[in-house]
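Below, each structure is written out as structure tokens.
Common to both upcoming complexes is subunit A, partnered first by subunit B, then by subunit C.
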Partner chain A sequence: MFKSKELNRIFSVVLQYASLSAFGLFTMFPLLWALSFGLSSDGSYAYLFPDSFLPHVADEAGGYGIGATLVWFERVFVEIPFSVYFKNSVIITTLAVVGTVVISVLAAYPLSRMRFFGRNFIFVAIIATLMLPQETALVPNYITIVKLGNFADWLQLTLTGSDAATWKKLIGMNSYLGVVLPGVAGAFGIFLMKQAFEAVPQDLIDAARVDGATEMQILWRVMLPVTTPSIAALAIFTLVNQWNEYIWSSIVMRAKDMQPLAVGVFNDLTGPLSGSQNTLMAAIVLTVIPVLIFFAFTQRYFISGMDGAVK
Partner chain B sequence: MASVTLKNIKKNYTKDVCVIKGADLEIKDGEFVVFVGPSGCGKSTMMRMIAGLEEITSGELYIGDTLSNDIHASKRGIAMVFQSYALYPHMTVYDNMAFALKLAGTPKAEIDQRVKKAAEILQMTHLLERKPKALSGGQRQRVAIGRSIVRNPKVFLFDEPLSNLDASLRMNMRVELSKLHQELKTTMLYVTHDQVEAMTLADRIVVFNAGVIQQVGTPLEMYENPSNLFVAGFLGSPKMNIFEAQVVGVEQSAAVVRLPKGISVRAAVNASTAKVGDKVTLGIRPEHIQLCEENDPEGIPARVDLTEHLGDIVLAYVEIPGINEIICAKLPSNMTGLKYGDSVRIKFPEKHSMLFDAEGLAFKRVRS
Partner chain C sequence: MKNSNFMAYFFLAPALILMGVFVFWPVGFNTYLAFNHYEIAGGAVEWNNFENFKRIWEEDLFHQAVKNSLFFLLVVPAIQLGSLLIAKLVNNKMPGMTFFRAVYYIPVITAISIAGIVWQFVFKYDGMLNSFLTEIVHFLHIYPKEQLVDIDWLGDPDIAMYSIMIFTLWKGLGYYMVLYLAGLQAIPAEVEEAAILDGANAWDRFWKITIPMVKPTILLCTMLSTIGALKVFLEVLVLTDGKAETYTALYYVYDQAFRNYDFGVAAAAGLVVTFFCMILAAIQFRFFGEK
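Moving on, here comes the complex of A and B:
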């Protein structure tokens, strides 16, 4: 009896680990493949399964053995202005994360906790934008950004009398804000934060109100701290999306020195005139690493924040 | 400290949904008043309106001499303790208690002194650095009370503060709240659906039902002289026994009524407004029902259906043949011999019998 129970237990644990590992490998394999490709001395083994999952290095005799080389990673920094792209990506993503969180929180709080005329209509209208494919927004957003740039130009000319066209660089084409602005007021963020705020017990808000907090103080000192997990989730989603975003950035950022990693790496390292695929793979791995690091630091915020508040 | 005065307060959620149908009440300075009533009777809504968390549809609310209808919750000089405690989970006990004072811009030294004093009163100085999730239910409730004490409010509002605690803790906290009231001598309003809490804590009880104040009075007054059937049935545990009856005789200081099967009972009430033949309701509390000897002419034959031995008393549920209601009698603890199926004779003493008219309003009791 004991034996079979023990065997059952071992069997079920093994099965659990095996399926989880298989699932992990399945989701990881593109990255593993890219990593192995990037660490190999050339592409000879890149398309041979399963050898492609381990990096291979050519030896002096002309054969191949398992090994790793960082030569392609060094090439990335030589062939393309990786650090410029990286800096642009960091700036754009930071602006996007901060902007999205601020706007989502400020929009979601009244939608979830205040009563005003047209509240439901506004919320439905925001959610309705989720139904449209993002591509439909490309043309209107493009025209808006171009006009915003022209407006900034005109404003500068009118207010300062200068025709240096420097203000345009803040908000028009080839500007960081131009990439970020259309995305910050996203329905997803507002929806996520609205749900999070609605889960906060009404008593907690009433208690703060009786304690003398204004609406902004309730939001800042009570609501935000207890919804940290949702804010962290929103920040991570936005970060990953913005870091990897390609189409809109490639439309707005024509100037090479303003392009983020996704655009720069694609433009420089793919296509008929590109260098080796190993460099591309190394660049892809370098592009993904910051996101992984950020996730490692923020995942601890994904724990529940409401313990002990009520009951 | 302040009085609280309600003048014809009404609350509508929509045009048709009226939850408070005009309440008038005067709560004196320093009084402990308990709002009691079944779920959905409007007592919590009433308290939330006094707190400033619900808008008042019409009527006037005075806290002290100030018309407070449109004053923000934080400016009314009230402090509220919620059923769910509503502690800020991300703050320590100390910060929870200091939050209101910080928002009001109180100097740090004074905050410290007031928080520590409140913690001392509630004997929780050792908990100040903990977060709410590291506290037990009773401790959390203490923090919630402490949070309201530090503000030195004119009026304390308690919204079912003990309902999440277990029975023994609830009793301890009840005693502590009573002590707290004696110590602080501040006006306190307390909402509960537990009539034992109401009876034990209140200087005066306000019984609500369906958005209407049924009766206001001291606990004993309400218990002895309920103004209507609802109050009579709501206060007291086990509930008052009630029977459909018909008036068969009206005397100067008593009425004679007949229960089904021709059983007559005398009640010491002034029933001068009643006529012979009126339908009335007879009420008698379980502790007033007496067992009597076989040969007692007033004894009504009955049969024991169930007994519950509670240690200090015995609850006997008896049935009179021909009358559908099960009657509960509270008997002394030495009546342990009663068992299912026993035949007994019971008596409804005249001076303890109450009578209510067809609308449920009580006839005034006559005391000899």
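Moving on, here comes the complex of A and C:
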């Protein structure tokens, strides 16, 4: 016989796992449903609860059984230019990660380790931008990007005399840089790296100075090696944010062959020409999976690495 | 520290130039646009005597948008209580907690546009949610067998805003859970152990120990999600696209700018939103600025 105390404890553990699983089902069901939908041979069972959470495949006799088919996942690559979107996502995200890390590191070093005119003012100005709703910058930045493109056009015409309009493809509308540039210099990255640099012991820097190292060498040889965890955190956050970014990319990337996954897949799936719902769900799963795999390896940076952000 | 103006500004230059062009300049330019008419074709700008502000002051659509944005604040207490409870649950030292934390965080790292499509199918007239509810009401014998639940979650103006809130809740719980976890882990284990020895039950411990001790985190998260709720707009864009009276303030800004190409009106409405966000952010900085 269990004592009532023991029984109570078991009951509370069971209750806890039950609520944990219930919450888990709430957060996971859209993805699980999409996966099962995409693996089914058609939509017959897709809206029947709870059958819709297991993939159903039609057999020769016309009956349905539980099974899986990859035919819709293959269709994704035929019906929508999935690999083009994927390539664009990779290019845009790489540019954003490299740009954000380089610019944040460069800006954070003097802010944390050098004394110069206007230091506090610049730091406060950078931090104050956190208060601005970035969404209201969409219109001015759109105009800026259009003008940058026109300026590149004019520059090409003046300098080379050619009216091929190839330079504006580098910086104007429908350009990778146009998507990435507005976001790479931000308060979050600079603040994160400043905190990391401030934790480096002064003796280390003094020793390097005595040895005659330049500021660039100190940053590269002394500061960077000891702050790799923070740089990794910044890179990982930037990667996931940029991979998922939708609104600005959808404004800049009007040309279909330049769109990243989050924009291209959304437009194709909600547009008038969207294909079967099975293909749609397969495309959704294919879009989410790269982030999930990445998250599986780096999740500690998201789930425990943000402690510093609160304290 | 070494005194060297040139090197410092050399390092800072890329960040300052980019932020100047894409963060600081938009503030000024947006304010300027709000008082002018912007000719989209040629880029000509013309002073129009507060016409933009008069228009949003009088337009019903903008009133509705502001009302919806304020109404959306309802999601703040729900998301805070929900994420604090989840954080409390996954903060136990039981096997499998890392797994559950990861599962709860997955909506946060899913692209909003992609998640929005799945939820459109969940909320559809003949979608997942209605089929789920039909199962339940049949099981409980509330509805006769042939009657189905047919709520138009995203098409009915009385319900659509609530559906968007459910989506926001789904997407945001994990984010705040992580912030609360950090707060919870700062509570010394002895405090709770002492309370257990004194015979306090779980309910009392939650209200008398957990809540008071994570109060700073609650304040921070409430501020963050209040600002987030006032700025809600992508959720609307991917779920209803403004149909069923779901315009919010920032959705109105986006709609005026990139569908109507009326940059002046968009800038004026954006300025109003900025003003409210700045006030909230200033309060937030007063609370947390010194830390």
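The working rule: the second predicted complex is superposed on the first by the 233 of 311 C-alpha atoms of A that agree within 3 Å, B and C clash if a C-alpha of one lies under 4 Å from a C-alpha of the other, contacts with A are read in each partner's own complex, and residues count from 1 in each chain.
Keep this in mind: a contact is a pair of C-beta atoms (placed from the backbone, for glycine too) under 8 Å apart; a residue touches a chain by one contact, two chains touch by 3 or more.
The model shown is predicted, which means the values in this text are computed figures rather than measured ones.
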item: Touching partner for A:Leu54 - first (subunit B), second (subunit C), both, neither; value: neither
item: First, second, both or neither for A:Pro225, with subunit B first and subunit C second; value: first
item: Larger contact residue set on subunit A - subunit B or subunit C; value: C
item: Subunit B versus subunit C as contact partner of A:Val84, first or second or both or neither; value: neither
item: Subunit B versus subunit C as contact partner of A:Pro201, first or second or both or neither; value: first
item: First, second, both or neither for A:Arg209, with subunit B first and subunit C second; value: both
item: First (subunit B), second (subunit C), both or neither touched by A:Gln217; value: first
item: First, second, both or neither for A:Thr270, with subunit B first and subunit C second; value: second
item: Those residues of subunit A which subunit B touches in one complex and subunit C touches in the other; value: 209, 306-307, 309-311
item: Subunit B residues touching subunit A - in the complex, by the definition given at the top; value: 48, 51-53, 73-75, 78-80, 82-90, 99-100, 103-104, 131-135, 137, 140, 147, 151, 164
item: Residues of subunit A touching subunit B in the complex; value: 201, 203-204, 206-213, 217, 221-222, 225-226, 305-311
item: Subunit A-facing residues of subunit C, complex; value: 1-5, 7-9, 11-12, 14-16, 18-19, 21-27, 29-30, 33, 43, 86, 89-90, 92, 94, 96, 98, 100-122, 126-128, 131-132, 134-135, 170, 173-174, 178-179, 181-183, 185-186, 202, 217, 220, 227, 231, 233-234, 237-238, 250, 253-254, 257-258, 263, 266-267, 270-271, 273-274, 277-278, 281-282, 285, 291
item: Complex contacts: residues of subunit A adjacent to subunit C; value: 12-13, 16-17, 19-20, 23-24, 26-28, 30-31, 33-34, 47-50, 52, 102-104, 106-107, 109-111, 113-117, 119, 122, 125-126, 129-133, 135-144, 147, 181-186, 190, 209, 215, 219, 240, 243-247, 251, 261-263, 265-266, 269-270, 277, 280-281, 284, 287-288, 291-292, 295-296, 299, 302-304, 306-307, 309-311
